[in-house]
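Next come two complexes built around chain A: one with chain B, the other with chain C.
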Partner chain A sequence: MLEAKSRWTPYWQAAPLALVFLIFFILPLLVTFIVSFWTYTGYSIAPAFVSDNYLTAFDKCFSSLPDLCTTFRTYLSTLKFCFLVWLITLVLGFTIAYYLTFEIKTPTMRIVLALLTTIPFWTSNVIRMISWIPLLGRNGLVNQALMGAGITSQPIDWLLYSSFSVTLSLVHINTVFMIVPILNSMSRIDRSLIEAAYDNGASAWQTLWNVIIPLTKTGIAIGSIFVITVVMGDFISVGLMGGQQIASAGKVIETQITALQFPIAAANAIVLLAVVLMIIWTMLRFVDIRKEL
Partner chain B sequence: MARAADLELASVTKRYGDTTAVDAIDLKIKAGTYCCLLGPSGCGKSSTLRMIAGHESVSDGDIVLGNDVVNDLPPAKRGTAMMFQSYALFPHLSVRDNVAFSLKMKGVNKVERSIKATETLKTVDMERYAERLPSQLSGGQQQRVALARALVTDPQILLLDEPLSALDPFLKIRVRAELKRFQRELGISFIHVTHSQEEAMALADLIIIMNNGKIEQQGNPRDIFNAPATEFVARFIGGHNVMPIDGRKISVRSDRLSVGPGGTAGTPATVRDVEYQGTAVYVSLATESGLDMMAIVPERTFYARPFETGETVSVSWDPADIHELAA
Partner chain C sequence: MTKTTTGGISRRTLLKGSAITAGFIGTTAVTGFPAVHADEPITLRYLSTATNQSPAIAAKAKEVTGINVEYVTVTTDDVTKRIITQPDSFDLVDSEYASLPNLIPSGNLMGIDAKKVKLVDKLATVMTKGEINGKKIGDQGTAPHKVFYLEKQRGKEFAKEQTEWITLIPTTYNADTLGIRPDLIKRPIESWAELLNPEFKGKAAILNIPSIGIMDAAMVNEAMGLVKYGDKGNMTKEEIDKTIATLIEAKKAGQFRAFWTDFNESVNLMASGETVIQSMWSPAVTAVRLKGIPCTFQPLKEGYRAWASGFGLPKTLKGKKLDAAYEFINWFLDGWAGAYLNRQGYYAAVLETAKENMEPYEWAFWMEGKPAEKDIHGPDGGLLEKAGTVRDGGSYDTRMGAVACWNSTMKENAYMVQKWNEFIAA
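After this line comes the complex of A and B, so read on.
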């Protein structure tokens, strides 16, 4: 009786979360995968098992090389945003986490400031983005200030509906995903290690490079996964802040869904998933994130 | 391999805001001395060590190592090396890379620093573990690696911050003996912070007893134990009975008290507790005036005429064993 109970207890304990994962994660993914092989016309979709959708997604992509087809150009643009946003959030997130961990002396202050970084989350994604518009628009605050100060004679156009504004809003939304995991690994670093490095003649930069960064690696990897997966699939920021003029992998899927072309959208989603998984897999080859769990 | 040097502290002071942690202490430690800074927590011994190490700025006074005032030098330029309380080994680096860390910081090339690190690991008998990570080592092994990491810079003085506190009692005694042996072989000064008088007695050539940021007494263990200067020292190092006599304070060593049956010559007292310790028996006593005392009686003597808890006895001592304490 007791034996049977102890053998099954872990499974029961894991069951609720497993169920949630099954219904809201595995199942939709499976459906997406299945639908990606279906056929569709302008007004209907029908179960089938054809690879047409994948062929359409990469139509003439390989035959026209070295010229890039639309799909490749879209992915290139998405990857470019992804890399830029990843780099900027990494530098920002690391710097902020460093400041909170090593420069703030009292734990209370550290918690207060760490909570401050989460304040942007009190409003929705879309509101956070839209609020950039009055700031960056042609007659926005930034342009008025620049012209008022006599720095420019006419409004700067590239502030809004540009790659700049897309990157800006993505950085704005995602930096906290980088801060939290890095802060978590950094705060576990024993202070005496920093002292030991100093005792061994390491300069501040040498300590950073040889002690702090290696010991923060797992936090950096986890933060990077958050940021990369979010940015790779983003279509709201790219749409809103890019003035619906910039293509991204997520945007393509969104457009196809709006046109009710579910099978091709599903195929593109599977391709996107594969690309993101490859990026993460590559990253995990360098860092063992299980150490952090 | 290392060049031994004298260390001198001249009215060294450390203030944190309004509190004075170390109050104008003067100290001379000759090259090749095993020195223990001993005292209760908060007495200023760690601050003193950290100032010598260069991890804490000096508020006032000078620290002189060899012929140089080193107040403003960073640790690595002083010729000191520190061994941290929890060893502070870099968890992501192998034992060899831990030991070679300071050489890497100096820009020594890979081959040379690997050779030097292996050599140093040999002196602490750890070269077999060079490829391991610190987490794969026992406490005693980690301690040796920490020692090797400190020694690889050829320091003139090694500073140890409670190096044995993380070890279990058996290992503590073994590692203690090792530290003493390393110090003898290297011929450099070790300055060792501890709150254990037993550790200090076992290791030190020179014990510095600190209290409230000041040095209460310094000297070799035997002098301090036989002639504690103040009541604080007598109580802190233990094994002494402090008694007020005619407005003065005196101390008598616990092992110099003799306990006789009640009614015989001496001070009457009640046995409060009897603790068997193998070679000796610790008898806790309370005199009629309410003074607590402790007599350490050799096992054979005690069992020739054992006493029970609650029994009335007479305590006496040779007047020659009375030691006067400063106020």
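After this line comes the complex of A and C, so read on.
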């Protein structure tokens, strides 16, 4: 009796979370998948099993090569931002986490500084991005300062509504997602390992490369997953900061939903999900998060 | 019991209403709305965009009719989406006529009984017939008069002739054109073609709402002599291809500074000087001007792109709520709300009653295109225009008379959206 109970204990303990996942994650995903094969008009969607939506999403994608079709061009642009933002947030996040862990001596100060890194989250995403406009705009602070200092004679246009501003705002928003997990795994590194490396004559770079980085791999992987999934699905930052002139996979889906074309939007969502899953799967080839947690 | 009472009074009011309609309309200053709701207030959930909502209108409606108006605020596209996906989530909707080709076949709205709308014969002819003073105006696209009547109350087809079932009772309508910064352009602008003039390279914007953006683009293409359209509001695939091709070419050449999707974005772009010429909406131009920055809603020789919206009823509405909805609509057409909307620069559905609720100098400025005798104030009391100014585009007859096309839902909508995404990605 007691044995039977204990055998089932883990299951019912996990049940509430499993249920939440089932209702709010698995089911919607399943519905999205099913709907992606339906047909639609401007005002209705009808159950069917057609691949038209996927065919439309990849319309002329293979026949027009080497010219890129809309979908390929959109994903290429999204992937470009993804890579850039990932790289910059990684370098920034790692450096900040390193500084907080190894250079700051008192735990109180460390906590205070770590909390400071969350400042960008004290306001909403949209407000954060809107505040870039008076800074980077044609008549913004940066341009005024540059022209006032005599460095440029004309306002620089590419500061705003460009790939530059999109990357900048995405880095601004996402760096903290990198800092936190890296900080977490870094603070768990046993200091004696670093001392041992030093005693054995390792240089600072060698210690970093051979001791610290391998031991923070989990944090890096988790941070990367956060950043990559957020950037791949983002359309608000890309829209506002790119002056809506830069396509993103999310925006394509949003436009289609707005036009009430739910099935094709669902098909595009499934494609986006597949791309993101492939990236994450590739990353997990390098780091076994579960083993190292 | 209460129910019967309410019904009876409503019917009586309606009888009175039709008597008035038959006889002398001009003199109907609020003829005693039933006070029966006072002890048992009815709440109407009013779905629309922020543009069509105002706490002042809701407060006045409550004061006169006793009906509580609870605004449900969403974006233009979400109004359509809500009607199609959640038709029970509102009691009254203010939607664009342009969405009707999608809304009516869904069967989620019911025809409004013309007999219960007191001022139905006084609705602006721009809406009901597509004409002003007997003269036809442009009707390309989903012009309201094409989708004004249903064959039967729960019909899914538009009627070609006048019937007693109305799809939407007009609330507001207006004619849109390009907004410009006269201080930065420094020369007259007369044609839609100027939007793609290389002179404004990197300083132009178009709106990124495909169904409206494509119409502005069509006005530009036609003005440039690049494409000849059968109906700009119902393009063929070939016409869509050509229209988008022009846009892509301009985008690649760096013509556009940005695209915008909401009101505030368009105000910011123009006020900050990021753009000097762009698609714009009338209240956005006013908003820029209120900041002390010169901005003109420029009339162009090819004409305006017009839009209109109106009240619709969800098919499930019945009983007291249905009566209240009709009562609210009747109050709305009775003049107070119309005057309020006219002062915002929109046009009211029933002009006569709106006129009675405006000062003569206000009417002369907003509707007759005359120079303002005194300072013009908005409905909230803020100063809009100084004495002596003339409204951009002039009088009602001149502006609405110069409409070239209407916002629309095309038959090739799905294809158009696909091509629009291609333009954004280009």
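The working rule: the second predicted complex is superposed on the first by the 285 of 293 C-alpha atoms of A that agree within 3 Å, B and C clash if a C-alpha of one lies under 4 Å from a C-alpha of the other, contacts with A are read in each partner's own complex, and residues count from 1 in each chain.
Keep this in mind: contacts are C-beta pairs under 8 Å (C-beta built on N, C-alpha and C of every residue); 3 or more make two chains touch, one makes a residue touch a chain.
Everything quoted here is computed from the prediction, not taken from an experiment.
When the two complexes are overlaid on chain A, chain B and chain C sit side by side with no clash. Taking the C-alpha centre of chain A as the apex, the lines running to the C-alpha centres of chain B and chain C meet at 150 degrees, rounded to a multiple of 10. Legend: residue contacts after superposition of the two complexes on their common chain; A:70 is shown touching chain C, with no touch to chain B.
Legend: residue contacts after superposition of the two complexes on their common chain; A:56 is shown touching chain C, with no touch to chain B. In the superposition on chain A, A:249 makes contact with neither chain B nor chain C. In the superposition on chain A, contact is made by A:196 with chain B only, not with chain C. Once the two complexes are overlaid on the shared chain, A:276 sits clear of chain B and of chain C alike.
Legend: residue contacts after superposition of the two complexes on their common chain; A:238 is shown touching neither chain B nor chain C.
Comparing chain C and chain B on the residues of chain A they touch gives the larger count to C. Aligning both complexes on chain A leaves chain B and chain C separated at their closest CA atoms by 45 Å. Residues common to the contacts of chain A with chain B and with chain C across the two structures: none. By the touch criterion given at the top, residues 40-44, 56, 59, 70, 73-74, 77, 130, 133-134, 137-139, 157, 160-161, 239-240, 243-247, 251-252, 255-261, 264 of chain A touch chain C in their complex.
Against chain B, in their complex, chain A makes its touches with residues 190, 192-193, 195-203, 206, 210-211, 214-215. Listed in rising order, the residues of chain B touching chain A in the complex are 53-55, 74-77, 81-82, 84-86, 88-92, 101-102, 104-106, 149, 153. Across the complex, chain A is touched by residues 77, 80-81, 84, 101-103, 105-106, 202, 208-211, 251, 256-261, 265, 268, 272-274, 409, 413-414, 417-418, 420-422, 424-426 of chain C.
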